[in-house]
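First chain A sits with chain B, and in the next complex the same chain sits with chain C.
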Partner chain A sequence: MVLATAAAPAYAFIAYVSNEKSNTVSVIDTDSWTVTKTIKVGQRPRGIDFTRDGKFVMVAVGDDDTIQVIDAKTQSVVDSLPSGPDPELFAQDAAGKILYVANENDNTVTVIDLEKRARIGDIQVGVEPEGMTISPDGKTLINTSETTNMAHFIDTASRQIVANVLVDARPRFAEFKHDSSEVWVSSEIGGTVSIIDPKKREVIGKVTFEIPGLRKEAIQPVGIGMTKDDKTAFIALGPANRIAVVDVATRKVTKYLLVGQRVWHVAFTPDEKYLLTTNGVSNDVSVIDVAAQKVIKTIQVGELPWGVTIAP
Partner chain B sequence: MIRWLVGLIGWSLAATSALAADPVTIGVGYLGTAGTRSTLSLVELPAENDGLAGARLAIEDNNTTGKFLNQRFALEERRIKEGEDVVQAATALAEKNGFIVTNLPADALLKISDALRERGTLLFNVGAIDERLREADCRANVIHTAPTRAMLADALGQYLVWKKWSRWLLVVGSHDEDKLFADALRRTATRFGAKIVQERTFEDKGGARRTDSGVTLIQRQMPVFTQQAPAYDVLVAADESEVFGAYLPYRTWDPRPVAGSAGLVPRSWDAAQDQWGAIQMQNRFFKLNSRRMTALDMQAWTAVRMIGEATSRTNSGDVKKVTDFIKGPDFSVAAFKGTRLTLRDWNLQLRQPILLVDGRMVVSVSPQEGFLHQVSELDTLGYDRPESKCKLK
Partner chain C sequence: MSSITTRDAPRGFSVQEYLTCLTGIVWREGLRFLHQRERFVSALVRPLVWLFIFAAGFRQVLGISIIPPYETYILYEVYIAPGLMAMIQLFNGMQSSLSMVYDREMGNMRTLLVSPLPRGFLLFCKLLAGTAVSLLQVYAFLLIAWLWDITPPAPGYLTVLPALILSGLMLGSLGMLISSGIKQLENFAGVMNFVIFPMFFASSALYPLWRVQEGSPYLYYLCEANPFTHAVELIRFALYGQINWISLGVVASCTIVFMVGAILAYDPSRGLARRGPAGGEG
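Our next item is the complex of A and B:
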């Protein structure tokens, strides 16, 4: 693994893509933009993320009720974590010591000690917990519940819910601005992204979408990627087959980028030159040149690609 | 469960200072007929709590959400027997419940709708698929989560036309509801350019649905009944009464697929539906009821969830406020069908995708690609605003 330094033009990174249907993870080399390996994992892999030290990739395999751990060196499954039933998305604290897992089937968030790889607690939340993110200061965990339609604010010290913010229907993903001033929550069925002030814990604005020639119901926002300078957000719009480029300051869409079909999630390369998107129905990954705001490449992966993470 | 809820309300109170001390209780009544209809297939015999089980799950789901908003949902169930006074039962339910979910025949529903109009009770029709309840006999206090015959027929017809199976042999039962479904199928054929090459009637001469040597006889009858038909692509059966439809697949004289009341069937929901997060819903339902979820269960679940959705959006248990919100332009509900569901404001029918199922799998979901509409593609299913005879009052 080579890390990017200021002078270097383009370094190769390694991206891992979970393929929900084929029960595999595709490994993509971002230099050649090719799939270099396909790793067999458990059933229905979705949420996927690197451990903070970059040594392991965790992938939630919902139908096996666990999170599998892939060794990034050997690119093979080496362990599994005791998540609750049907894990989908998860978030880890800044130190990479605690993992919080949304368990869709039993309305809980499971807390896992990553060093001991042991379950250390549960938090009761709304119906079908899904989106998970932690505030940059590590003090607040946000969980969204799809049928309750709320963003639950959980105090990570006491593991208690401290506030519940109602958002539009079927909230699926939450993302903090890097300066902690806002949380963005996408509502798949509501078709909006709610912007929450984490201090006041209320919705202070909404991003809405309109694409000429496309019916409203097809616009179903899911994954959100925000640049480190907090200036631009890239929002995956599901069956609208587009990524919305949003000016964070004005909360307006400046551009729609056509990607593959049913785009789920996004991930930046660490140098933020590229953004990768998983396109569920067309079974491919689109590569977006972030500065040019253009799709430059499409890579065929497994069936129904869902999540994506890139080595730090 | 209750004690657990009370505990949760306790701490959510401490956390959210704006909440009042006592939870707001939202009463939902469920009024259905006792007993179940018989079906040809033993595996399709409805459970005794068909429909009701969906309402119970939605009450649980609403309460999970409600604990964060200091709202509590309670279900009062009432099943009426043949000969019992439905208006009396409904009025008694309306004493404590501002919302009543009904699984009743059209005439009974109209009676209670008129009886409860002054009271302001909001009714949800989850069982009756009759067109007239949304057309000439529509009512301003009745919301329909059950699809109509025309919606079901259009959903099927779109798929058959997409498949280029456009020559239909229509077989109609001899009961009134069979004829109504056949009317809907004829309308669909005209709308989408299919051709009904011939119609046949299957007379119900009575007889048992279960016999010890039934198969032998059916195997002789069905090929004979379907022979000498003009060239056709698909046999479409209209047999809501469950007299012959399920006997047709694999037994037609010509080797043709069967659709309609058997074979490929249009339904609002199916136990096999697992797309769009539905698997969580199916699991929750199975855990609570120890059986799989039917279309009627889903229609009842959706009705009770609509109430929950509106009470949480308005942060109120006030029936008038909640009713206005449900009927208003900002209302939508998520029901695991890949798109938000909204109400047709001209007749209070819930717009919804319709599944096409074969008893084991979801074969397709309508509206089909290419059936376009200026407002919502879901309005390509059933009677659209310009054709509607409904005047809400």
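Our next item is the complex of A and C:
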């Protein structure tokens, strides 16, 4: 029985990668690790995510000031959602009904009703909003603003900012631990990941990085992926061309994995066997074996790959 | 050994007798290697110096291009590991040839060459013995490299074995061919300068050939023609469970050419007899 399970091939998933410069989305089959289709989308696609039901892929096309909707079955653009100007990243609530979009250019977060596909509100935040995450209970939305260097805590019911937490320079991405006990915020210029206690709303620790032979400025943490058991975090370090493997309990880096150039965002396959990373400058996606903590493959995609999402 | 050498030479030999001879020679070479601890240590220190010191300085140099058999970006130390494995075999090949010069000077060679078994077979056994020793060195190196986080896929440790045997035979027979032309032990330094260093540096052991091509197309052709390059590539691909057919072809043909050359050169009626007094008595 054990042998049979071990010998069984991994279930294949479909990954979607947004290519910021070539204005396309690359579709990757995680069984053969090949690009099976390239979908033409709007200009400057960045933030990308599946709807909770797995039927559609939403991609923020910043220069077209909208979010396009790709039908996962036909793999073609079927609709668009009304965001503000220059949408970059977005987050949806647990039920998949409400979408919060960070609009980089007008310092707002747009609230969209996904069922009606209509805009239902705006929230004023700091300058250049980007990182977006929702607490597992759906009550708190966290937005990071790149220029204000803050993580804004937004109450989703009242849609008001309830707290601002100062972090290191240019916060890019925020991620909740699955047990809600901590929020991790990456600071691109600061070169750190700030760990915030969401109850006290203050920074309680920091993850720092050091790679021998690399200048400190080359280490620019952006994307964060945390395993479901909250034990291990994988942090993309931009031009350091590395993914840092961090032990969540001790907040220490245990390993650096070499991937392609300027690695930006990461996504797990649903079984958490693999982690995909988007390498912007080398135009490829690296695949990490999560258990072995080894990079096993790198796949060419379009120009300047930015975000990645995998079908649930 | 002595039981074979003192007996009258019959017309044919049984497989058993061939095997006795083979194990005798391999055993002696193995014992000699194990008794010379310094040799074992120095055989390991050489590649480890390259790995720990040289590669450390170039760590970031190569993380820019994916070349087969690799499927992703690799650190420089991962790249040079197969080259260093081949280097171990290159030095070992030369060292066994050195030991043959020594044996010839000391007279041990005569004991070997008066054996009634065909000379070609004796020399082949000697080659196999040298290759077996190089395998011990290479696997010891791989173990240390593994601790240094150079971790090829697990089956690679097995699939690399045939490649190592073939490349070991090629480099050993090359050493044997060269040693047949060396009269004295002191000339070995010349072998270092004229054979080992050019072979090692003008190969894909330290830099991928596309990088060499950027620098000088002529050097690139030289590297392509260097059998050592193909030994390195054969090992590199085999370590990742793949076969580089061109390298396999080159290494196999070179092995045959060098081996036949070495056997002919050691034939007392052809080469050795006219070369020196030690071999001339055979």
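FYI, the second predicted complex is superposed on the first by the 303 of 312 C-alpha atoms of A that agree within 3 Å, B and C clash if a C-alpha of one lies under 4 Å from a C-alpha of the other, contacts with A are read in each partner's own complex, and residues count from 1 in each chain.
Going forward, a residue touches a chain if its C-beta (ideal position, glycine included) is under 8 Å from a C-beta of that chain, and two chains touch if they have at least 3 such contacts.
Nothing here was measured: the structure is a model prediction, and the numbers come from that model.
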- Task: Have a look at where A:Q160 lands relative to chain B and chain C in the superposition and call it first, second, both or neither.
- Result: first
- Task: Could you say whether A:I204 touches chain B, chain C, both of them, or neither, answering first, second, both or neither?
- Result: neither
- Which partner does A:V78 reach: the first (chain B), the second (chain C), both, or neither? neither
- Query: When the two structures are overlaid on chain A, which partner does A:G260 contact: first (chain B), second (chain C), both, or neither?
  - Reply: second
- Message: Contacts for A:A118 in the overlay, against chain B (first) and chain C (second): which applies, first, second, both or neither?
- Response: neither
- Task: In the overlay, work out which of chain B or chain C sits against more residues of chain A.
- Result: B
- Note on the structure: Seen from chain C, its contact residues with chain A in the complex are 59-60, 63-64, 66, 71-75, 151
- What residues on chain B touch chain A, complex-wise? 8, 11-12, 15-16, 61, 64-65, 68-69, 277, 280, 283-284, 305, 309, 312-313, 332-334, 338-340, 376-378
- Query: What does chain A use to touch chain C in their complex?
  - Reply: 213-214, 241, 258-261, 282, 286-287, 294-298
- Note on the structure: Note: in the complex, chain A contacts chain B through residues 86, 104-105, 107, 124, 126-128, 145-150, 152, 160-164, 166, 169-170, 189-191, 215, 217, 239
